[in-house]
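Look for subunit A in each of the two complexes below; its partner is subunit B in the first and subunit C in the second.
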Partner chain A sequence: MLGQLIASGIVVGGIYTLMALGMTVLFRSTTVVNFCHGEFFMVGAFAVLLTQSKLGWLMGASIVFALVLMYAIGALIERGLLRPLQNAPHISLTMMTVALSYLLKGLSRFFYGREVVPLPPILAGDPIEFFDIVLAPQDVLIVLFSLFVVLVAYWFFNYTRSGKVIQAASQTPRGAALVGINVPRLRNIMWGVGAMLGAMAGILIAPTTLVYPDMGGHVLIRAFAAMTLGGFGSLPGAVIGSMSLGVIENLLGGYVSSALVEIAAYLVIIAVLIVRPQGIMGEWRQGRG
Partner chain B sequence: MSAPALNAFRHTAVAAIAAAALLTGSSATAADPGITADTIKLGMFAPMTGSMAVGSLTLLGATAIYKSVNDEGGINGRKIELVVEDDGCDPNKTIAAVKKLMSQDNVFMIHGGWCSGTALAAKPEFERAPGFPWMVLGAASAAVSKPTLPNVFQPIATTDTVAKAMVDFALSKANSKRIAIISHSDEWGKSHLEPLLANLKKAGIEPVETAYLERGSADATSQILRIRNAKPDFVLAVLYAPELTLYVRDAFKYNLKVPIVTTQGVSAEDMVKRVGNAAATSEMFVFYPLNSTLEAPGMQKWIDMFKKYNPGAPVETLSFLGSTGTLAVVEALKKAGPDLTRAKVIDELNKITNFNPGISSGSLTFTPEVHAGISTGKMVYMPTGEKPVIVDKYPAKP
Partner chain C sequence: MADHSTARRSLAVLLLVVLLLLPLVLNNYHQFVVNTMLVYCLIAIGFNIVIGYLGQLAFANAAFFGIGAYATGLSMVHLGLPYLPAALVGTLAGGLAGGIVGLPALRVKGYYLAIITLALGELMRWVYVHADRVTFGPGGFKVPDIVFWGYTLADRQKYYLFLALVILATASTSLLLRSRFGRAFVAIRNNEVAAASLGIAVNRSKVVAFITSGLIVGLAGAMYAALNGRVSPDTFGLSQMLMHFAIVVIGGLGNLMGSIIGALLLTAAPELLRNFPGLEEIVFSLMLILVLFFIPKGLGGLVCDHFPSLRERLYREGKPHA
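For the complex of A and B:
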C-alpha cells in the first residue's frame, strides 16, 4: 500500500508540477500571480476534446492545436489586458487574472455547461504492474512528461542567455529596458509559455477527471500550495513542492483519514507560511523592481 | 339621533365595514401575484451551467410537460408562463434567484431546486412566505421536506428512501455483511450518509470503512486502497458523476472488484459512457427513480414529448426525474379551478393521493403532515454496458 500511495502521489504530483511550473515561469518573468491558470488548464483540455469530437482530428493534431491556441491566448491576454496595466499596482494585475478566470469559466459554461465528458488518454492500454504498484500507461506519461518539462525549464533559465535575460528583466525591468532588452516582448512570450504548460497539465489529467468548466479550480489550489511549499518563484521548489504535496495527500488519506486529503493543501500553506514563509527552496522577493 | 336609531346606524356601519373587509379580503386573495386572466406565471430554477448542469435535463423534462399543457389549451383557460433561473448549483445564486422570482418577477408559485444544497439554502425563503407554494424539482435531501413546511412539496424519492433502498439492496447479496461507504462530505453527501448509517445500524452493521472523496478530486488512490484493505462485500457510493467516474475507473485499475450501489444523482447510461469500460461498470447499481427503463413502451409518450420541446437535448433517466411532480402541479392547478389562489393550490396538493402517471418508481401521495411524496425505488444496472436492467435485489439477473 505504501508503494502505491507514493507512486500515485508522484503521478498526481506530476500534474501539480506542470501547473506550478507554468505559474512559476510567469511569476519569475512577470512577478504576476496568475489566478486564471486553472482556466488555461481547462481550456486546453476543451480544445483537444472539441477538435477530436467535433472535427474528428487525431490526438496528436488536437494537442498541437491546443498548445498553439493556448500560446496565442496567453500572449493575447498579456498584450491586450495586462500590458496596459504594467505600471499599475500589483493588486490590479492580480485582480485582472481573477476576472479572467471567471470570464473564461463563464464562457465555457455558456457554450458547454451541461456536459461532463471524458477525454481519451494519450497512452491507452492495460495497467502496468510492478510488485504491488499499479500504474496506467497515462500515469507513466504524466510523470515522464513532467520530468522532461522540469529539465527543459531548469536548463533554459539557468544555462541559456535568453533564460537569464528573462529573469534579469523580471527583477529589474527598468534596468533591462535601459540596456536594450525588449521587456514587454519577453513577458508576452512567457505568458504564452505559461498558458501552454497549464493546458498540457489539463490535457494529461482530463482522461482521469473528465472535462468540465470547473475542472481547474481544485488543481489551481494545489499548485498554489505546491509553490508555497517549494518557494514562490523557484523552479526546483515548484517541483519538490508539487511532488511532496501529491505524496503527502495520499499518505494522509491512506494512513490517517481520507477526510484529510481535501485539506492537506491548506494545511501545507498555513504550516509553511508560519514556519518558513519563503518555502523549501526560498526565493522570496518583494516588489517588481 | 335617538338611541335606537344610533344602534341601528352602528349595526349597519359594522355590517358595512365587515362586508367591505370581506370583499377586500376576497379580492386580495383572488389577485395573488402571477395570475392574469389568461396566464399563470410559474418560476423555475435549476443548474443550467457548471459541473452539475446535468440537472438542467430534469428542468427540460418539466418544461416540456408545461409547454405541452399550453399547446393543449392550458389550465382552466390560462397558459403557463415560465420564468427560468440558472442556480448553478450554488446556494448564493439560488437565494438570489428565488428572491428575484418571488419579488421581482412576481411568480404565482415556484417549481425548482435540483441540488440538495441549493434547495436547503432556498428553504428559509419559503419558510418566511408560508403561503407561497414550492414544488421541488429534483433535490433529494430529506431535510427539504422534513420538518414539513405547509407550502413545500418534494415529489421524488428523498435521501431517506434512497439510503434505505441502497442498504436493503447491498444486504440482499448472499452473505453480504461487510459494507464500505465512499461519500462526498458536503450537505448532499451528509444527507445520504446519515440515513445510510442509521439503516446499517438497524441491520446491526457497522461500516468497515467510510472514505471521503471531495468534489473536483484528481486522484482517489488513498480512498480506494483503504476500502480495498477493508475487504468489503459491497460499496455504497454517494458521489456525483465526475468523482464516481474517477472512483469506478480507479477501483477497477486497483483490482477492487466489489459491487457498488449508488444514488439517483447519476444515471447508469451516462456513467457507462463516462467510464468507458463496460467491465468496470458491470456491477454498478444505480438507484432508479423511474417506473421502467427508457426503452419500455410506457415511456415512449414522455420521451416523444421531451424530444418535441427540447430537440437535440439528451434523453436520459434524469430527464424524467421531475415529471411526476410537474404533472402533480398541473393537476393541482386544474383542481384549484378558475378562481386560482395560492391557498387553493396548496390545499389541492395536500389532497394528492396515489398519483401515478406511470413515470416514477412509485405513486405520489401528499398529506398536510407529509410532503415527501414517493417512498419506493429500484436499482438499474448495465451488465454488458448496452441495455439497462431494472432489479430490486442482488444478484441481479435480466
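For the complex of A and C:
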C-alpha cells in the first residue's frame, strides 16, 4: 500500500515537475509568474488530439507537431505581448498572462465546445508489476521522461556555456546585456522552451485526465504549490517540491481521506507561506513582486 | 473650484433622478441585468480598494463574494433571519474573511500573496462542496424569498433596496479613501518603506483595507443571494475571479468611477454573448489585452483625462487649488 502510494505519487510528481520546471524557467527569464502555463498544457494536449483524430496523423508526428507549435506560441507571446510591456509596471505583465490564459481557454472552448475526450496513451500495454507495485507503461514513461528532462536541465544550466549565459541573463539582465549577451533573444527562446515543457506535461497526462478546455487550471495550482514548497525560482526546488507534492497528495488520499487530494496543494501553499515563505531551497528576497 | 463642485453636484442629482426613474422603462429581464450591474459595482469597488489603492495582488475577492452570499443565504435558511439582518451577517462574514486574508498579506506580498489568496478561494469552494450538512453540497441551495412586512419583493423593488445599499457603500468607501486611511493605502502602494518611515502604521492600514474590502464585497454577496435566489459553489470559482479582475483593470486601478464603468460594461457583455461558449472569455481577455497595451490607466483614467474635474482628489495633479 505504502509503496504503491509513493510510486503513484512520483508519477503525478513527474507531471508537476515538467510544469514547475517550465514555469521556473519563465520566472527566471522574465521574472513573471506565468498564469497561462496551464493553458500551454491544455493546448499541447489538444494539438495532439486534433491532429490524431481529425487528420489521422501518427502519434510521433502529432507530438512533434504539438511541440513545435507550442514553441512558436510561447515565442510569439513573448515577442508580441510581453516584450512591449517590459517597461510597464510589473503588475501589467502578470495581468497579461492572466488575460492570455483566459484567451486560450476561450478559444479552445469556442472551437471545440464542451466535449470531454480521452487521448490514447503513448505507451499502451499490460501494467508492469514490480514487487507489489503496479504501474501502467505510460506512468513509467512519465517518470522516465521527467527524469530525463531534469537531468538535461541540470547538465545544461551547470555545464554548458549557453546555460551559464542564460543564468547570467536572468540574474542581472542589464549586466548581461552590457557584456554582449542578447537578453531579449534568450528570453524569447526560454518562453518557447517553457511552453514546450508545459505542453509535454499535458500530452503525457492527457490519457488519464481527459482533454477539455479547463484542464489547465487544476495543474497550474499544483505547479504553484510545488514551486512554493520547493522555493520559488529555484530549479532543484521545483523538482523536489513537485515530487514531494505528488507523494503528499497520494499519502493524504490513501491514509486520511480521498477528498483531501483536491485540497492538498492549497494546504501546502498556505502552510509553506506561513511557516517558511522561501520554501525548501529558495532564497528569500524581500519585496519581490 | 466652486463651479467644479456645483457642476459635480448637479450632475449627481441628475444621475440620481435617472436612476430612480429607471425601473419605469425596463422590462423584467432588463431589470434583472441592471440589478446584477449594481451587485458588480460593489464587487469592483471592494476589490479596487485592495488591488488598486493598496496595490496588493490579492485574488480572494471571489471568496469574499461567496462567503457573503453563503452567510446571508444560510442564516436565512438555518436561523430563519429576515433579509436585512441576514445581509448584515453576510457583510460581517465578508469583513471577517477580509481580516483573515489581511493577515498573510502582512507577511507575504507580490506573487506569493496572489498564490495564497487564489488557494484560499479554491479552499472555500471545497468547503462549500464538502461541508454539505451546512452548505447543502455541490448543488447549492435555494435562498428564501425576500419578505418585508408580509410583502415579497420582486426585482423592481429589490432594485431600490440595492441602489440604496450601493450608494451608501460607495459613498462611505469614497470617504474612507479620502481620509487618513485612504491616503495611507496609496502611500503604501507607492512605497511601503517610505510610508513606514513617515509614520504610517503599515500593518494596521493593510488590515483596515482588507477588512473594508471584505465588508463591501460581502455586502455584494448578500445582494447576490437575494437577486439570484440560489447560491451554489460553482458560482465562486476562477471564472468569477476573472470577471472581478477584468472589471477592475478595464475600469482602471485606483479609480472608483472606473470600477463602476467597468462593472456596467462587463455585466452587460455576457448577456449579449451568452449563446456562444467561450466567446465571453475571448472578449474579456481581448479587452484586457487592449487596455493593458493602450490605456494602462483604464477607462476611468481615460474619462478623467478628458474631464479633470472628475478626477479623484487624491490623484488630482497640477496647481494646488486656492
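The working rule: the second predicted complex is superposed on the first by the 282 of 289 C-alpha atoms of A that agree within 3 Å, B and C clash if a C-alpha of one lies under 4 Å from a C-alpha of the other, contacts with A are read in each partner's own complex, and residues count from 1 in each chain.
The criterion applied here is as follows: a contact is a pair of C-beta atoms (placed from the backbone, for glycine too) under 8 Å apart; a residue touches a chain by one contact, two chains touch by 3 or more.
Owing to the predicted nature of the structure, the values given are computational and were not obtained by experimental measurement.
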Combined model on subunit A where subunit B meets subunit C, clash or fit: clash
Touched partner set for A:Ser92, first subunit B, second subunit C, both or neither: second
Contacts of A:Arg109 with subunit B and subunit C, given as first, second, both or neither: both
Which of subunit B and subunit C A:Ile133 touches, first, second, both or neither: neither
First, second, both or neither for A:Ile181, with subunit B first and subunit C second: neither
Touching partner for A:Met59 - first (subunit B), second (subunit C), both, neither: neither
Subunit B versus subunit C as contact partner of A:Gly217, first or second or both or neither: both
Subunit B versus subunit C as contact partner of A:Val68, first or second or both or neither: neither
Which of subunit B and subunit C A:Glu262 touches, first, second, both or neither: both
Listed stretches 99-107, 225-233 or 297-305 of subunit B, narrowed to the one that overlaps subunit C: 99-107
Subunit C-contacting residues of subunit A that also contact subunit B: 109-110, 113-114, 213, 217, 259, 262
Complex contact set, residues of subunit A against subunit B: 1, 4-5, 8-9, 11-12, 15, 109-110, 113-118, 120, 127, 134, 136, 205, 208-210, 212-215, 217-219, 246, 249-254, 257-259, 261-262
Sites on subunit A touched by subunit C in the complex: 33, 81, 84-85, 88-89, 91-92, 94-96, 98-103, 105-111, 113-114, 213, 217, 221, 224-225, 228, 232, 259, 262-263, 265-267, 269-270, 273-274, 277, 287-289
Residue ranges of subunit B in contact with subunit A within the complex: 48-51, 53-54, 56-57, 88, 185, 211-219, 221-223, 225-226, 229, 241-242, 245-246, 249, 253-255, 273-276
In the complex with subunit A, residue positions of subunit C that touch it: 57, 104, 107-116, 118-120, 122-123, 126, 130, 192, 238, 242, 245, 249, 276-286, 288-289, 292-293, 296
